[in-house]
């Protein structure tokens, strides 16, 4: 409890409006921080172990089930990893169609996060449910936007959650012209909704706490593109490296308290996700997105983690425009089944790593297979896992500055911070240590 | 009967004009197979393709169809029948599928006329096409090599290129006169080419039932306890594929759906299949056909015994679809021949 | 060219529930009339499709006397979702009915003959639509035996009717239960154990049977022992039904549809159908 | 009175709750017809009084077990929601990796690093009905939106929802879908898998992986033999059965190649 004199004891069990189960535990006395943890209480799921002994073709359909929200991202990363392991280079058509799916997922996740999970905080209500009555238009708009984003995933992957048609070296089916044209039309129409979202956020932007903390930002880079799907692992601190060398960038350390195996670059926490991407690649944003970033008061890099939400809105614009571009490309050249090789994959021994930007940051899937395509090793590194150490570092920096606030407010600020990172705990639990708090 | 001929180009032109006025469906490619689907460009149509996944019956009797819409807001619930009488031109209907439609007519358009089926069926315009059999076809065994009626227009390819056309109905004549300007009168020569094609088609059929179709009701009636059923029943998945793809099957289930606010709803019918478990289960849990062999007996007897006795023609048209879609190789010809052989053995 | 049909054999007619009575834990009797005022006009043994929008339809036999222009009655056992919903209905409720459908017991053919009517459980209601007109025209028939078996004494339906029928001269009601209890001092055993008490002129006797699937075979054996010819035994069969009008295929037995060619069959026909009983 | 509905999440990817949020076109209608009293993923307000509990996720820890029993005491209707809850789903893949508690300790250490703190114990992953009785089941990974809406509708109307006691092949046919076994010899679980997803996998040319669970009436021996005929090895077939159906294989005593 905060008594306004520097004593804090905050325990938020099962943070709501995040994916998965997590607790916040912060304790301070006399203005000194004593304990500060983001605890993951999700049950362990053993994904990496379950992959061993399975065939190369199963990895994608198993790992996409790690997370309901970023299943397309897991799919893309898994496919890249497996293709690199078996020395397969898919066609440009395959890459581009996967990217389109990824755009859909980024949009859908950002919309879900901004409208359903963050907006209630900013509007001072406990969930989106009361908004259905007070802000019907906003909710309807949110549903419309989310639906569109979902439909992009569905058209590219065959299903809204856990894509079906994305395979090693290709697709089992392609979108039809009508489907693509329909999506394009809706995407273009959605620009108005997006504009409305920007205006809404603008009226609420002052509710985002002013809090700055310098840290390293890590994301894919591939100039001159604002990259989500290919390129190298870039950093605001070090030189970019190839995905296969991810281990030189992402070090898994074991920290003594409950959260073993946090990933740290050079031993220090770093941030991945929308803001990291923005900070590294903002100059390559499309003009429409740049404009929105400016409007929202974030023309260039920022060190305020609450601004992840702004970066997400900027990315909504970016991904909308890129999706239109990709669709135009496919409407123009169509699909050539001849270019698709998913039915002629020959397993081959090797090791490889996939790296894609999912909504919450960079996601690695590393596989080793034997010459029959049986998986002998698997390592999956999830963005939320990479961010956890950074969240705690933020806590450590933030708490001393807000110790004089009321308990409720501290709790809210901390919850909002966690939510800003949009942690996906169900993903993270495949690698995080867990401590059960009853 | 008058005979006409048309070349490929003339046909394409005619069909393009038909398409301006009508919804046209025809077999199109889908992966390595074909399905009946709407077409906008005649060059997409594969009117001679055999073994579409589903037969064209789906346009007269759709897989899922709303029979009634009802409102629940008033004091008395009110229902309204839903009918679809949009004309549709089915191009590429082969003689077996023409026979299939006739078989379904016996039931759905027979006693207690089903207006929903009737509305669609009477507005389904049949452009029959001749075809070349694959290894599953056995039309020659069940008398469906050639369609004597049941089509508006019928097209048979001829060796000199193009097709000869036969007109089967007054409606067919009207359509012919309106759209087929490029057709010319044909004579004895073309008729011989038509016969020629049919001859080659008959010779290309490789699957044969070893008894005249008229003998089959007795064969099946006598085989109710045959071990053949147990043998095939042991591998049958009870997956219903065979029934669902059959051009003469019409069993259905009825389901109600209501809007989430409870104000309105609809009553749908959805294809069902007698080969599925629980098809014959009644309240209290009694299942009148609890095993796969029992269900197979029923299905196969419906084709060559029950319906054949009742309506005077086999309710298997030799299309071969059930054999193509059965993953454990249960098909009408194999089963029939095993039963026939068994009985011959018993007689001998 | 378009054939426009706006009527449909699947549109039910609105009816109003006049009153209900609950004789047993599972069964309720529903008295119903058409909102249009039209009489149902059913024959003995016929059924209707009861229709509840949002739930579905179920075939239910008419248990009231043919010729009643005011109302008709059904006895419904609560076994599933539609029957359950029916049991929840209050007087005055509106629902839908299609029919009557199916074949009837041949009253005219039976005239002047001895009758043996055998019912098991929920088989009594359909048989009642035959018994009632027989009782109304009692002198047109010979001896009448009504055999009724239930699992327990608590499941007995139309107890008052049974008692009243038994009072009528030349009419014998015989009852049995599978399992007795202290309320029961009658016969215990399956319905066939009642047959020794039946005495009829076999060459001049008609029989009617309605009951659970398992019952038919054994009752037919008893009737054969009595010497009743197959041609003069009638039975109402139950099958799953979705349409009631010979379309949906669920009730097909060999060549016939139970809904259209039945539910009442002459045993000499049913005998040769492999799946009938 | 609107039914009070609560959503609970156990071991899962939470994709099924998401599938509900993805019913964008119907969401407002649903919110109009039911009273959502608990939905942690989307709302902060909560209540412990509810009529219907939607359960997502497998029961895989002793703590899960306690929690689900408490829910059972409160809820009139429990809906198993998604493969993890209905069949154990992918989570049950680990069940064949060993059954002993110790074994899990070892596994956990491998995946989650050296033991330094109190780990909570985990057990075999089980469907909800293996621990408490349930009234309704919506299987699938993730649940099919259409099926989900149909069940919600059925509950509101008072109708028993369809059980889909038939193989998936039925829906392939209804959809005029090209059979992936017939066309490509793929390892399709459809012939032994409960329908109800509208054959979403075969529709896009993909084999059914059996996420809706094995049919008790399935002809497993014939199915496995058929898959072998199409060039799949015994090992591949076994792994395929054990992917989504590790628990049902145990439950139904399915013979495995």
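To keep things simple, chains are lettered A, B, C and D as they appear, and every chain counts its residues starting from 1.
What we mean here is this: contacts are C-beta pairs under 8 Å (C-beta built on N, C-alpha and C of every residue); 3 or more make two chains touch, one makes a residue touch a chain.
Nothing here was measured: the structure is a model prediction, and the numbers come from that model.
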item: Chain pair showing more contacts of the two, B-C and B-D; value: B-C
item: Taking each chain's C-alpha mean as its centre, the one farthest from chain D; value: C
item: Distance between chain centroids, defined by C-alpha means - chain B, chain C (Å); value: 38
item: Chain A and chain C, separation of their C-alpha mean positions in angstrom; value: 66
item: Rounded Å distance, chain A centre to chain B centre (Cα mean); value: 51
item: Gap in Å, rounded to a whole number, between the CA centres of chain D and chain B; value: 37
item: Where chain D touches two or more other chains, by residue; value: 157, 159, 184, 205
item: Multi-chain contact sites of chain B, meaning residues that touch two or more partners; value: 255-256, 258, 262
item: Multi-partner residues of chain C (each touching 2 or more other chains); value: 54-56, 80
item: Those chain pairs that satisfy the touch definition; value: A-D, B-C, B-D, C-D
item: Residues of chain B touching chain D in the complex; value: 30-33, 35-37, 53-54, 58, 63-64, 234-241, 244-245, 255-262, 270-271, 273, 276-278, 292, 324-325, 327-328
item: Contacting residues of chain C [partner chain D, same complex]; value: 54-56, 80-81, 85
item: Chain B-facing residues of chain C, complex; value: 1-12, 14, 35, 53-57, 77, 79-80, 83, 94-96, 212-213, 238-240, 242-243, 245-250, 252-255, 260, 274-275
item: Chain C-touching residues of chain D, taken from the complex the two chains share; value: 157-160
item: Complex interface listing, chain A residues touching chain D; value: 14, 16-21, 42-50, 53-55, 58, 61-62, 65-69, 71, 112, 116-117, 120, 126-129, 132, 139-140, 143-144, 146-147, 150, 158-162, 164-165, 167, 172-173, 254, 256-258, 260-261, 343, 426-427, 430-436, 438
